[in-house]
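Look for chain A in each of the two complexes below; its partner is chain B in the first and chain C in the second.
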Partner chain A sequence: MRQYFGRKLLVYGLTFFVAVTINWMVPRFMPGDPVSSMVARAGVSNPGAVETMRTYYTNLFGFDQPLWKQYANFWAALFQGDFGISIWVFPTPVSEVIMGAVPYTLGLMIPSVLLSWVVGNWAGAFAARRRLLDNTVLPVGYVLTAMPYMWLAVLLAWGLGVVAGVFPVAGGYSFSLQPSLSVEFVADLLHHWVLPFLSLFLVALGGWAIGMRNMIIYELESDYSNYLSALGAPQRLIRRYAFRNAVLPQITGLALQLGVLVAGALVTEIVFSYPGLGSLILKAIQNQDFFLLQGTFMFIVLGVLIANFIIDIVYVVVDPRTRAGMAGAQA
Partner chain B sequence: MSLRVSELRVYYRTLKGDVKALDDVSFTMRDGEILGLAGESGCGKTTLGKSLIRMDGRMRHMGGTVELDGRELPIGDDRRMNEFRFHEVSLIPQYSMSAMNPTRKIGKMVGELLGSRGVALDRAELESRLDLVELPRKVLDNYPIELSGGMKQRMVMVISTLLNPSLLIADEVTSALDVSTQKAVAKALIGFRDAGFVKSMIFVTHDLALTSHIADTIMVMYAGKLAEKAPAKVMVTAPRHPYTKLLINSLPEVGVRHADKKLSGIAGSPPSLLDPPAGCRFRARCPVAGDECGQEPPVVEVEPDHFVACWKA
Partner chain C sequence: MRNRMRIVVPLLAVGLAAACSSGGSTPAPQGSQAGSAPAAAPGDGGALPRNETLYTSGTQWGPPANFNPLREWDYATGTEGLVYESLFHFDGNAGKLVPWLAQSGTWVDDKTYELKLRQGVTWSDGKPFTAKDVVFTFELGKMETVPYHNIWEWLEKAEAVDDQTVKFTFSKANYQEWDFQMYSRAIVPQHVWQGRSEQEVLDGKNENPVGTGAYTYKSHDQDRVVWQRRDDWWGKTGLNMEPKPKYIVDIVNSSNEVAMGLLLQKGMDLSNNFLPGAANLVKGNFGITTYYPEPPYMLSANTAFLVLNTTKKPMDDPAFRKALASSIDTKKIVEGVYGNLVKAASPTGLLPQWEQYIDQQVVADKGFSFDTAKAKKLLADAGYKDSDGDGFVENKDGSKIELDIIVPSGWTDWMESIRVIAASAKESGINITPDFPDFNALVDKRSKGDFDMLINNERQLSNTPWTYYDYMFQLPVRKTQNTVNFGRYENKDVWKLIQELDQVKTDDVEGMKQVMSKIQAIHLDEMPIIPLWYNGLWSQVSNASWTNWPSSVGDTPKTPPTMWRNWLELGGFETLTQIKPAS
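Let's look at the complex of A and B:
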C-alpha cells in the first residue's frame, strides 16, 4: 500500500515539475512584449521617460536576467507562494487576483460536475432495461450531449434571461452591489449563478446518463447477474450489484472531468461574463500577462493533480481489484 | 419419481422463425439419480438445462410439463418460477469462473443472496460444506479474483447447493477445467448427492467419457430430441441407437495408437432446427437409415430403463 502511494506521489511530483516548467515557458515564447504594451498604455511620449519606464518594468519583472536565472527565480518564488505581480491589473499580486476568481469558478464547477454526475448516473441506471424510461432518457441524453455547449448556453441566456427575464445573463453579481456577507448579496450571487450552473449541468448530464445506462445493461447481462437470477435473487439485489460495478468506470470519467474542472468553465464564464478563472485566462492572454497566465495555469495543474490523487484513493477504496494489483508488481 | 418431464417443447424465437431446440422430450428421474445429458453442440442439452430453471429472453415454452416431486414447475412463467429456484432447483453454471460478483467478498455476497431469498446464513453449515470440498474457510473473506479457477468452481458448487435443492443442474461444469480438476469436481458432485445435499442431478456435458464415470443414467440427445437413454454401463457397452454407437466409437481409447487405427468421427453435421426434416432427424447421417426412417421413430423402452428412439434398434 505504502509502496503504491509512494510511486503515485513520485509520478505526481514529476508531472508537477514538467507542467510547471511548461507553464513558465509558454507565456515567454508567446509573440509580443508585455513591457512595451505597458509603456504604451501609459501614453508617455517623452523618449527619456519611456526609456526609464522600460528599464523600471524590465527590472521589476526580472526580464533583464538571463533565462535560466529567471527560471530559477521563478521556482524560488513559487515555494514562497509568490506568483509575481500581475501586468494586467498592475500592481496587484497575481495570487490576489487568482484568489478573487477561484471561489466563483469552484462554486460554479464543483456543484455542476458533481451534481450532473450523480443525477446522470442515477437517471441512466434507473432507465436501463425499463422500456418506457429508456425510450425517454436515452434520446434526451443524446440531444443534451450532442448539443454544442455555447449554443445551449446562449439558448438558456436568451430564453430564461432575455425573453423570460427570470435570471440575469451576465456577471457574478449586480453591479450595484458590493461583495459582502449580507443576505441581499448572497441571494444576488445565487441568482447570477443559476444560469451558468444550469448550462454546465445540462451539458454534462446527458453523457453521464448514457454512459451509465450502457454500463448497467452490460453488467445486467454479465455472468454474475445471470447466476443470481438463476438462483432467484430479486432484481433489487442484482441491480444494486450492477450499479456498484457499473459506477467504477464512471468514477474514472469523473476524475477526468474534475481535471478540466478549473479550466473547463472558460466558455461558460465568457458567455455569462462570470468573473472566474476562465475569464482571467482570457484577460491574461489578451494583456500578455505572463505572471497571471502562469499563476492560473499553475492553479489548474494543481487542481488536476489533486483531483486525480483523490480519485486514485477513492478507486482503491471502492474496487477491490485495484488492491489485489497493488500487492503484485503491476501497480 | 423425482423429476418427470413430459413432451416438453421449448423453441427459440428468432426473426427467421422458431428454432425447435427442444421438441417433444420426455423422461423421468428417480430420487438420488445422476443423469448425464450428452450430445454434440446444438442438440438441445443446455436448452433443456436452462428450461428447468430459468429461460432466457428468447426462449418460449411451447408445450409439455415438468413435474418435480409431484409439483408442476411453472417453467414458462418467470415470476412464479422464482419460488422454486435455489430452494428446489439450482444451477451450477457453465461460467463458474465469473459467476460471482467481483466487487463483493464471497461470504458477504452469499449472505446477501440468502437474505434476499429470506433465508438466514448458517455460517457453521457453510463452513462445513467448504471443508467438504476442501476450500479453506478464509475464502469467505476473499474476493472472487483471489481464488483460482478450480476454487471458484468449488465455491459456486457450494453456493448453489446451500439450500439443499431437489434438483441440481450442472451445466458443462468440467469443460474449462484440466483433467485432474475435472475428476475432483466430479467426485465433489457425487459427494453432494451422497451427503443428501441434492436429491438428483442433471449433469450436462459433451464429454461422454467423464459422464460415464459419474452418471447413473446417460441420456443422449440429437437435434432437440431424445435419442437414447440407458443406465451408464449399458450405454457405454451396448448402445442401441446408431448415433450413440457412432458417438462412442469416435471416443479415443487408452492404449490405441491412432497412427495405426484412424479415429472415426460422424460425417456431416446436425440439421438446422429452424426447419428440421420430417421423420428421424439423424436420417441424413445414419449409416443404417431405411425407408421407415421417413416416419418419426417413437421412444421405445427396449429393455427396462433403456429407451431408444430408432426404428432399427
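Let's look at the complex of A and C:
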C-alpha cells in the first residue's frame, strides 16, 4: 500500500514540477510586452515620464533580472503563496483576485459535475434494457451531450432570461445588493446561479447517461451475468453486479472532469458574465497579465492533481481488484 | 436497487451540500473585502431601491481596481466627475467653460491667470476646500509620471493668494491648452494627499476617496462600483442642481450580449456600449431610446482616422496618400458596416461641434471624396503604374506595393470597416490586406512605428480643435509614440502653426479660425492622416426607471448622456441632474 501511494506521489510531484515550469514559460513566450502595453495604456505622452514608468514597472515585476533568476524567484514566491501583482487589476495581488473568483467557480462546478454524474449514471443504468425508457433516454442523452454547452447557455439566457424574464442573465448576484449573510442575498445568489448551473448540468448529464447505459448493456451480456442468470439469480441481483462493474470507468471519467472543473466553466462563465476563474483566464490572456494567468493555471494544475489523487484513493475503496493488485505487488 | 440508492443518496447529499455551502460561503471573501472598505456601512445589506438607483455601463473594462483620479486611464468609473471635481465644466453646445469649483477665471495680463474659487465648498470629510488644494494639485504635476507633467514646461508657478484666489504665472501662455486643463484636472485634497510619495501617487489605490463631488464611495466588487449621493454637496446651493439618483451602480463591461440582455431586462438604464444593432433596438418596441430617434442615432464623440505610417514607402509620398484618401468608400462603411449609426467625417476631421472652425473654402479647394477614377488618375500622375499587370500599382522603383491595415482583433465593427477599405482601395489599384492582431500586440506595433496603416480614434471632443491638431502633428517624434502622431509625420511648419493656435486666446474665434484655415490647408495638401467617420457617443437608455433623458426632440436636456471618462465634465454630470424617476 505504501509503495503504491509512494509511487503515485512521486509521479504527482514530477508532474507538478513540469507543470509549474511550463506554466512559468508559456506567458513569457506570448508575443508582446506587458510593460509597454501597460505604459501605452496609461497614455502618458511625456517622453521622460514614459521612460520613468517603464523602468519602474520593469523593476516592479522583476523583468529586469536574468531569466534563470526570474524562474528561481517564481519558485521561492510560490511557496510563500505569493503569485505576484496583477497587471490587469493593478495593483491588486493575484492571490486576492483569484480568491475572489474561486468560490463562484467551485460553487458552480462541483454541484454540476457531481449531480450530473449521479443523475446521469442513475438514469443510464435505469434505462438500459428497458425498451420504453431506452427509447426516450438515449435520444435525449445524445441531443444533450452533442449540444455545445455555450450554445445551450446562450439559449437558456435568451429563453429563460430575456424572453421569460424568470432568471437574471448576468453577474454573480444582483447589482442592487451588497454581499451579506442575509436570506435575501443568498436567495439572490442562488437565483443567479441557476442558469449557469443548468447549462453545465444538462450537457454533462447526457454524456454520463449514455456512457452508463452502454456499460450496463455490455456488463449484462458478459459471461458472469449470463452465468448468474443461468443459476436463476434474480434480475435485480444481476443488475447490481453489472452496475458495480460499469461504474468503474465512469469514476475515471469523473476524475478527469473534476480535474478540469476549475477551468471547465470558462465559456459558461463568459456567457453569463459569472465572476469566476474562467472569466479571469480570458481577461488575463486579453491583457497579457502574466501573473494572473500563472496564478489561475496554478490553481488548475493543483486541481487536476488533487482530484486525481482523491480518485486514486476512491479506486482503492470501490474496486477490490486494485487492493488485490497492491497486495500482489507487496508479496 | 436499494443498494444502488445507498450509493446515490450520500453522493446526492454531498452534491447538494457542496452546492449550498459554496452558495453560502461565497459572501465571506466578498464580505471581508467590503469590510475593509470603510465607507461600506454595515447593516444595510438590503437591496438598493430601484427607483433611486441608476445602473450604468460602458466605461469600465476591468474590475474597479483603484480610485486614484491621477490614473486617468483606469480609475473606477466616476472617480473623476462624481467624487473628484474639476475647476470648470465644458458645455459643448455653447462652446464655453462653465464655472464649477471655480467661480471665475480671468487673464489679468497676457501671462497671468487668476482663479476665484467658490466659497462654502467642503471635502467629503468635512474640511473646507481652499486655494491651497488647487495649488497642491497642480504642483503634483511636477512629478514626472503624473499625466499633466508637461504643463510645467510653460507654467512657471502657481500660488495661493488667499483662501479663495489662485494666481498662475506662465512663461508661455498656451491659452487653448490651459482651458482644456481647467476642466480636465481633478482637484485632490492637500490634507489627504500631502506626503504621498511619487510611487503612491502613481500606483496608489486611493481607497475611500475624499473628494468635493456629489457622490461618495459605497462599495465595489469585481464587476461593479457603487456610489452614494452626498446630501451635503455644495452644488445644491452653489449651482442649484442635484443629481437625481441616490445610488449609481456602474457595471463592468463583459460583452455586448450581456449589456444588451441587461438593457432588455430593464436592469440597466444607461448603456454606453457600442451595440451593433442599436437601430433595431430603437425602432422596436423595447422602451430603449438614443439621442436622435433617426440616423445617426448618436451624438458624435470622436473621429476615426486612418493613420498612415509616413516613414514607410509609399506612404511617405503626399500624392500617394491623397490618392489613397480618394480611394476609400466611406459611405459603404457608414451604411453597410454601421447601419448609419455613424456619420462620414469632414475631410478636415473636425467634429460637427467644431463646424464653425472649418474653412469651407479650403475644403472645397483641397478636400477629397470617394472617387475611384480620381484616385487612379492621382496615382498615374504621381508615377505609380501597374507594370507587371497584376492589377495593382507598383512603387516608382518597380517594387511591389503590399500594405497591411490593422485593427485590434475582436473589434468587429472596425474589422468590417478595414475589409471595406481594403476592398475599395483594391478597386483603385492599391494592394491593401486587412489584419487583426491582438490589442496589446497592436499597441506595441503602433508605439514603435512598426505598421503600415491602422485606425485610431483616441482623441475625444474637447474645448478646442487644438487637441486634435496636437494629436495629428505633434513634434518631436520619439522612439515610442504613445498617444499622438502615430504616423510619425514630421512637418515643422504645421507644428509651428499649431503652437501659434495654442497661444490664441480662447475667446478670439476669428484668430483661431485664421490659424486653423492654414493648418487645414496643409493637412489636406499633405494628408498624413485620413479622417474617415465620426464615432458615436454610444448611448442607449432605458426609459423604464428613469426618464427625461437627453434627446434631440422636444424640450429634453441637450447634454451628453454618458459616463465615459472625462465626459462627466463635458455635461455627463449635468445629465444626471436632469433625469427623472419614472414613477
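One rule holds for everything that comes next: the second predicted complex is superposed on the first by the 326 of 331 C-alpha atoms of A that agree within 3 Å, B and C clash if a C-alpha of one lies under 4 Å from a C-alpha of the other, contacts with A are read in each partner's own complex, and residues count from 1 in each chain.
As a working rule, a contact is a pair of C-beta atoms (placed from the backbone, for glycine too) under 8 Å apart; a residue touches a chain by one contact, two chains touch by 3 or more.
Keep in mind that this is a model prediction, so the values were computed, not measured.
*Asks:* With chain A superposed, do chain B and chain C clash or fit?
*Replies:* After superposition on chain A, which the two structures share, chain B sits beside chain C with no clash.
*Asks:* Let me test your reading of the model: by the given contact rule, A:Gln288 touches which partner, first (chain B), second (chain C), both or neither?
*Replies:* second
*Asks:* Is A:Arg236 touching anything from chain B or chain C once the two structures are fitted on A? First, second, both or neither.
*Replies:* A:Arg236: touches chain B and chain C.
*Asks:* Name the contact category of A:Asn226: first (chain B only), second (chain C only), both, or neither.
*Replies:* first
*Asks:* After lining up the shared chain so the two structures overlap, which partner does A:Asn245 touch, if you call chain B first and chain C second: first, second, both or neither?
*Replies:* It touches chain B, and chain C stays clear.
*Asks:* Between chain B and chain C, which makes contact with more of the residues in chain A?
*Replies:* In the superposed model, C touches more residues of chain A.
*Asks:* Please indicate which partner A:Ala157 is in contact with in the superposed arrangement: first for chain B, second for chain C, both, or neither.
*Replies:* It touches chain C, and chain B stays clear.
*Asks:* On the overlay, how many Å separate the closest CA atoms of chain B and chain C?
*Replies:* The answer is 12 Å, the least C-alpha separation in the overlay.
*Asks:* Jot down the residues of chain A that show up as touching in both complexes, chain B in one and chain C in the other.
*Replies:* 236
*Asks:* Which of the residues in chain A come into contact with chain C in the complex?
*Replies:* For chain A paired with chain C, touching residues are 31-34, 36-37, 39-50, 52-53, 56, 88-92, 97, 99-101, 103-104, 106-107, 110-111, 114-115, 117-118, 122, 125, 154, 157, 161-162, 165, 168-172, 174-182, 184-186, 189-190, 193, 197, 236, 239-240, 243, 270-273, 275, 279, 283, 286-288.
*Asks:* Of all residues in chain C, which touch chain A in the complex?
*Replies:* Against chain A, the touching part of chain C is residues 1, 3-4, 8, 11-12, 14-16, 18-19, 22-31, 33-34, 40, 44-48, 50, 53, 55, 62-63, 65-66, 71-74, 144-147, 149-150, 199, 202-203, 205, 219, 221-224, 226, 249, 251, 254-255, 257-258, 261-262, 264-265, 267, 438-441, 443-444, 446-447, 458, 474, 478, 480, 482-484.
*Asks:* Any idea which chain B residues touch chain A in the complex?
*Replies:* 53-54, 82-87, 90-91, 93, 95, 98-105, 112-113, 116-117, 143, 145-146, 156, 159-160
*Asks:* Residues of chain A touching chain B in their complex?
*Replies:* Residues 222-224, 226-234, 236-237, 241, 244-245, 248, 318-321, 324.
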